[in-house]
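Two complexes, one shared chain (chain A), two partners (chain B, chain C).
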Partner chain A sequence: MAVDATRSAGGLRAPALRINVGVLILGAAILLLGYLTLVPLGMLLLGSVSAGASALDFEFTLRNFQRVLTDQASIELLGNSVLYGAGAALLAFTIGTAIAWVVERSDIPARHIWYGLALVPLIIPGIIHTIAWLFLLSPEIGWINAPLKTLFGFSLSIYSLPGMIWVEGLHSAPLAFVLMSAAFRMTDPSLEEAAATSRSDPWSTLRRVTLPLLLPTIASVVLILFVRALEGFEVPAIIGIPGRIYVYTSRVYLSLHQSPPNFGLAAAYATVLLVISVGGLLLHRRATRRTERYATVTGKAYRPRRQRLGRFRFVAMAALGLYGLLAVVLPFVVLIYSSLVRVYSVPSFDFFNELTLENYAYILGDELTVRSIVNSLVLGVSAATLVVALTAVIAWVNVRTRIRGRGLLDFLAFVPITIPGIVMGIALIWVYFTIPIRIYGTLWILLIAYVTRYLPYGIRGTTAGLVQIHQELEEAASAAGAHWWATFRRVTVPLLRPALVGAWIYIFIISLRELSSGILLYSSQSVVVAVRIFDMRDSGQYTAIAALSVMMIVSLVILVALLQRVGGRTVREA
Partner chain B sequence: MKRLTVFTACFGLLAAACGGATAPTAAASPTVSAATPAAAASRETADEAMARLYALAKAEGRVAIYSSMNNDDGKKVFGAFEAKFPGLKVDHTRASGEDLITKIVTEKKAGQDLFDVVESNLFEVAFIIDQKYTQPYTVASVADFPDQVKGKDGAYIGVRMNNDLPGINTQKMPAGVTIKTWRDLCNPALSGKIAVEQGDVVVYSALRKILGDAEAQSVLKCIAANKPSLRTGHTDMANLLAAGEFAATLSSNGHRLAQLKNEDKKPVDWARTDPIITDIQPMALSNKPPHANTAKLLMEFLASPLGQAAIQSTGRVPASSKTAPKYPDLNNFAKAFYISADLRADQDKDTEFWRTTLGIK
Partner chain C sequence: MTLVVEGLRKTFLTDRGDVRAVEDVSFTVEDGRFYTLLGPSGCGKTTTLRCLAGLERPEGGTIKLDDTVLSSGGRFVPTWDRDIGMVFQSYAIWPHMSVFENVAFPLRVAGAKLPPATIHDRVLEALALVGLEGLEDRPAPQLSGGQQQRLALARALVRKPKLLLLDEPLSNLDAKLRERMRIEIRELQRRLAITTVYVTHDQGEALFLSHRVAVMQAGRIVQEGGPRELYGGPASGFVADFVGDATFLPGEVTEGGIRAFGGTVRCVLPPGIATGSRALLVLRPESIVVRDAPSGRPNEFAGTLRVAAFLGDHLDCFIEIADILVRAKSHPSTQLRREQQVWVEFPVELCTAIADDGWRPRALARTFSDDD
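Let's turn to the complex of A and B:
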């Protein structure tokens, strides 16, 4: 067995050394991943059933779970969470799929413009999107509501479950678009062509042929969107709490922000959220496991046929334009307007008298905000670099060796996908209540949270990249006398570069937007941008937030454009 | 080699960024001086105490205050401190009282001593004092302050006061509705037009003392029947009131209403209640301050005439009897009802009633 393992490992000269390096890497990686994933989860469970302040003075109690599961509000909490998650997932799926179909499968003109427009909201951090919609749909002063109230005497309150679903669904639609457009692109069109030959109209073809073919993908995408909505924190905190609509994430947060804070109760709520999240992802795996039954992509060359929209092309363009207006233009315009006044008010001609750049000057001169930007960049670069480095090695062990136990490594690296950010936050609090390492409130604890949370993204990217590279190149290096490290560094890594760069950029971008895991772990020294925005909202500094948001959106768009230009095809593919 | 250098530089940057928060290493030495007897300080004038502490504080360089004062006002007040004492820097962590409790309790449980001074509502600061996360310190100018804002044996001192007054948007108020008492907020014409800060249990506790249990409960119930919007953050709520999101609030910070009315010319006013619920904002010294001398210097400064003038300049009500408020019409129309630590005796019961009545789950 040992000899087999070393043969497959490849790239090492001495057989005895091969075993040692492979096993050593596996052991170290398992220990590290265990510390990053299993220790926090273990502490979380311990904390949820402990009456003590840490695992060191553990005293068993079921009081927290009793309250979480039997409290009068618990049914309402579960109901709200499921309705919110399902509603947002379905809305995002409907919008994303409709755009994906039009862009991928119809003859709509200027396809690339619509494609780019659909992706832009991905760049906008969730907290900024949510605050922009507060400006638009506040019951009395929202841009949309103020005229509705004046003209028709009613308004659409954002502080409601439909309001929460709308904001989250709209923000998640680009994710559904990305996943569904890939699916539309990959599906063999012959069945649709057969339907068209049978004089089926585009709508019937979509409903009766295309969507049923994509059933496993649809189930998988909806589940991902559902779990993502459930673990989101921005909408439940900013819209849900003022509207008295509580879901699990806001309940974890409120348990810690009551007086006095209840860490055990927060851990119990987090555990329930974790169980739902794990359940959702297990269902997702089940849905995607037997996809071969639905396989329509074969070895033969094909090109999806585009449906002719005819006169509906203008309807489709208007619908896409409306989406662009709601998801990109209106939020951005309302932020620009709000950033130019001292105190927010409904737009009027007074605006021209109140016009000021004070908010921009405030943001640029505010030490805490500048510090939060620097911290976010440092964390983004560090987390992306660490995750990519770590997962490249793990992927190598998984793909290139036959060492027993490597499956555990893959499992440990994937586990964090089930851990919502706020759950990671409370879990790490329990870890450092117990372990006497004083990093709470520093960037180190945030880095640990980020690296753990983003491991799954890194492992999927690097594994997919490595699988595509044939082993013979590494074997050639080994035959030429290269050691394992030299082969890995000079052959494997350069070949893997597109996948590594892609994973790095993705993790860097999502790090800059991260709020939910940081909100429970930061101090004034380690504050990050999204947390800073959240704090400023608490102080009522909406106009300053608007200025920061405008600067952030412009910077992120420029950054992504620059990366595309510099990275060329590699980055675009990523 | 070049890559290694880049990698090292990257993590050097991270380490440097983290370094700012690893202040506890500096905690050991200042803690010794933190034990300086308060009595010794109390014999000095405020100027003498500040001169002595400034000399010691220069080596520390900064001070971390956890305060509920909003960032804009904090810049003015702490900016005045930094201008007076060159070389010293104030790290102001701004959060609501409840959030400050969470922050401090979590940090302390995780073995971190990150704050020097805490300054917030009495109920929250008293909770932190109860946990023994603070130590007594008596400022030199203590005699300038009324008894109602001082804790026993220097446990805390309030340097500013929040007048908790019902806020009014004069343009959004329905015709014929006026707000002079808390019960006026029960007017059905205000249904869906009121906002309540969900952490304002203290206002209900005060109303129980002012109006009696039965009337206070009745008032809160009928206000709840008007389906108020529940907000977090008084400044946020006052800004939204000015923007026209609500017609009235149960309780806003008087100074913010005055700022919006007088400085931003917004259609805002406040109810002239009798009495005026006066929520003192005490400050207390950490039990293990990382920058003990600068912390004491900051407390001395805030209590001194200079510090009180800086507080006055923001529109907030200084607690010293020697400094008049910038906006006299915030507290010249009725007597003050000071929130006292005694009210905490029924805090759990009051919180339960408050949350149940307003539907805060």
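Let's turn to the complex of A and C:
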């Protein structure tokens, strides 16, 4: 059916068998995706207006929403969430955009090194980054605070809203950098040159041409950063809860961890968070759609105009160096140090006498930790494989066929991008407390959560890969006498391989660091690495966390390097 | 192998409703002939070709290759079971295979397993045919545009198919290379005498390559014939305009000519056209003679030379005669200057008129008045 049913609108007139296969695949895929995305969302909404603990003892009530939306604390919650999200978004945007401009638009030396440096923090999982900053900025014993206190008699507390904003903003800066440097690269420099030849000086060119052109992009980037900050669980849980600064994600978590747990209230908080996230992404879509109307974003890379920095390039390099120090070097060094001592303290000359590998021995001997590592790997491999296989089929149906209803498939695979991990968690609790499939607390429910949440990444990767394969390449195989299966196997799959490998690697790596999807769903049997770190923090095992973190960062770096080699070779082969 | 197409129909369902891409197209390609579908984009020529390949499923009509029915009513032979070779507009060279593997592919996926030695020999034979000897081991993406074109041709021919289909194969090449490749394709086809269907929007290519040309407009074949026939005797203004360049002059049919330029232009009239009806005079630039003094021959009119541009192989002239701008190609050695008076002769046997069906060329040349 491949090549033939695909193009032909008259596929409707094709022999009954052939069309049934296509419709069957489509129907099965829609059912599966509907089950993965719509059922949890439906259950979540149902749960948010229920007084019972599952849909089986459903009892309609608006009490949850009443509490979530009107009580005194809710105003504070909303205020905190908006301040936190906006603060982190603006900080990340400012840092990311400044680096992007310097790297893309100025004549700074050794551009590639700075570019790499800006991306390195992406490898460090959010929970590790957050804990590293606890070591650096905790009020009494933080590395930065101790000298401040001795010298100036004051200290900075990380357990505050500015502290949360700082940690989250610093961690999201690479994302802002990636998006903004793409925008800088895709802006046609002749638009600026046209302004210059119209006798506009550099300042008014920036003000009247460059910035207005980039405005829709800027709006959409800030929006994405805002939504991502609100969806994140690491900083609100590890810094916010001890500091008594609550946002929606931590509220969902706390509603389930009070006694007795309040499932309905958690669902209501999660629904509000979901509404904010969906609203934000809809606005983002509108903003980017407007961007597409601008001539700037053509998907084409231009040779950019580079601003001469002159003497300022030392200032720029110092600023970039400072960023590298704060985002990469200091967190990593403090983790290494903490992993080598018995009790965390401000470093002194005694350090060398106290040096120990006990923490590493503990990690490798701890049954629960080892199990979490194995679980994470199993989940990562399974989720990546399932998502890539599933989305490859969806992308193929969507790009290459004209079967009616295929757009629904694409839409369903994209819905989860709006679902924060913690919302997914509470939604799945509602689903599996209601329907008689007893998988709560097993790896299966985590796998379902992961697969659902990563569908959008998979679909983006595979669709992009497939669109790039000219349809005539498949048709040529057909015209050369190859049956559809031979075409798929010998032409489509080999050409698609770099895209599939790329998507697989990406999903594998983000699933290794996933915290928020799993935090509500795990048991001691199905614990994963990020959750294990979270738990060890609860019991105060900071030095052991440091050891596990160092091991994890080192393995991730090695893994990324290795996989990029494999991926890179595949790309070159094709 | 004779290809017979009868009553072919193909409709696309799009978001904006149905689009009738091909409506009732019939033609026959005799064994070993080169047949071209010529027309502007969206005229249905590529869809017709794709129906021949089985890449589109027509909803009506019959396609027959000798005695084999490829498509008719409920019967539809899938692409991979058709004995064809096809060259795509993008060449569709598989980037993950070497030159050798690209050409070997049709032999490897063939129903009957061929021994490796046979495959090897036939691939080299096909590569030699298109002048790519010695490049077998090259990764395909390292070939230049022209070489990829040849590779696509070798791949299409390696199976010795009954029917060769070419979909605008030269449109991605630069002008010089395009000219060379069309000679090679022409000679290769004549030598192998393989039944060929070619799709293009370039009238020069069509005239150069083909035994017969079908001009398509809005999903239908509007005229079919040999190159000379089409150029010299277009059936409509659309065909005359698409196959070559011309100045069109609407006028009333008189005895033996058309009333124009304040007089009568004597010309070849289409059979059966009534005196007094409306007709369109077709003046091909290369058949017009421009002189700086009157010669006294028939069909001669006085005018003013508005533009005279030297183009190497000819002098491109725009002459204003009775407020009408006529384009003429004159011999490059002609010494003429703009704004001078000239005498223009339209040789009677080279002037044709066609019935006026209301069609007008898209861009009517504006008159070059004295504003420059």
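Keep in mind that, in the parts below, the second predicted complex is superposed on the first by the 509 of 574 C-alpha atoms of A that agree within 3 Å, B and C clash if a C-alpha of one lies under 4 Å from a C-alpha of the other, contacts with A are read in each partner's own complex, and residues count from 1 in each chain.
The working rule: a contact is a pair of C-beta atoms (placed from the backbone, for glycine too) under 8 Å apart; a residue touches a chain by one contact, two chains touch by 3 or more.
Predicted model only: the values in this text are computed from it and were never measured.
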Query - If touched residues of chain A are counted for chain B and for chain C, the larger one - result: B
Query raised in the report: Of the partners chain B and chain C, which touch A:Leu495 in the superposed model: first, second, both, neither?
Result: second
Query raised in the report: Counting only touches as set out at the top, which of chain B and chain C does A:Tyr344 meet: first, second, both, neither?
Result: first
Query raised in the report: Of the partners chain B and chain C, which touch A:Leu443 in the superposed model: first, second, both, neither?
Result: first
Requested in this report: Tell me which partner A:Arg565 touches in the superposition: chain B (first), chain C (second), both or neither.
Outcome: neither
Requested in this report: Considering only the touch criterion stated at the top, classify A:Phe433 as touching first (chain B), second (chain C), both, or neither.
Outcome: first
Query raised in the report: Is A:Arg306 touching the first partner chain B, the second partner chain C, both, or neither of them?
Result: neither
Query raised in the report: Is A:Arg285 in contact with chain B, with chain C, with both, or with neither (first, second, both, neither)?
Result: neither
Query raised in the report: Of the partners chain B and chain C, which touch A:Arg207 in the superposed model: first, second, both, neither?
Result: neither
Query raised in the report: Is A:Leu473 touching the first partner chain B, the second partner chain C, both, or neither of them?
Result: second
Report task. Provide the residue numbers of chain A that touch chain C in the complex, in ascending order. Result -> 3-4, 7-11, 13-15, 402, 470, 472-473, 475-484, 486-487, 490-491, 494-495, 573-574
Report summary line: As the complex stands, chain B meets chain A at residues 7, 10-11, 13-14, 17-18, 20-24, 64, 70-72, 91-99, 101-103, 105-107, 109-112, 114, 123-124, 127, 172, 192, 199, 229-240, 242-246, 260, 264, 266, 351, 359-361
Query raised in the report: Which bits of chain A are touching chain B when the two form their complex?
Result: 53-54, 73, 76-77, 138-141, 159, 241-242, 244, 246, 256-261, 263, 342-346, 366, 368, 374-375, 378-379, 381-382, 385, 429, 432-433, 436, 438, 440-444, 447, 520, 523-526, 535-542
Requested in this report: Write out the stretch or stretches of chain C touching chain A in their complex.
Outcome: 10-13, 50, 53-59, 74, 76, 78-82, 84-86, 88-90, 92, 94-96, 105-106, 109-111, 152, 155-156, 159, 165
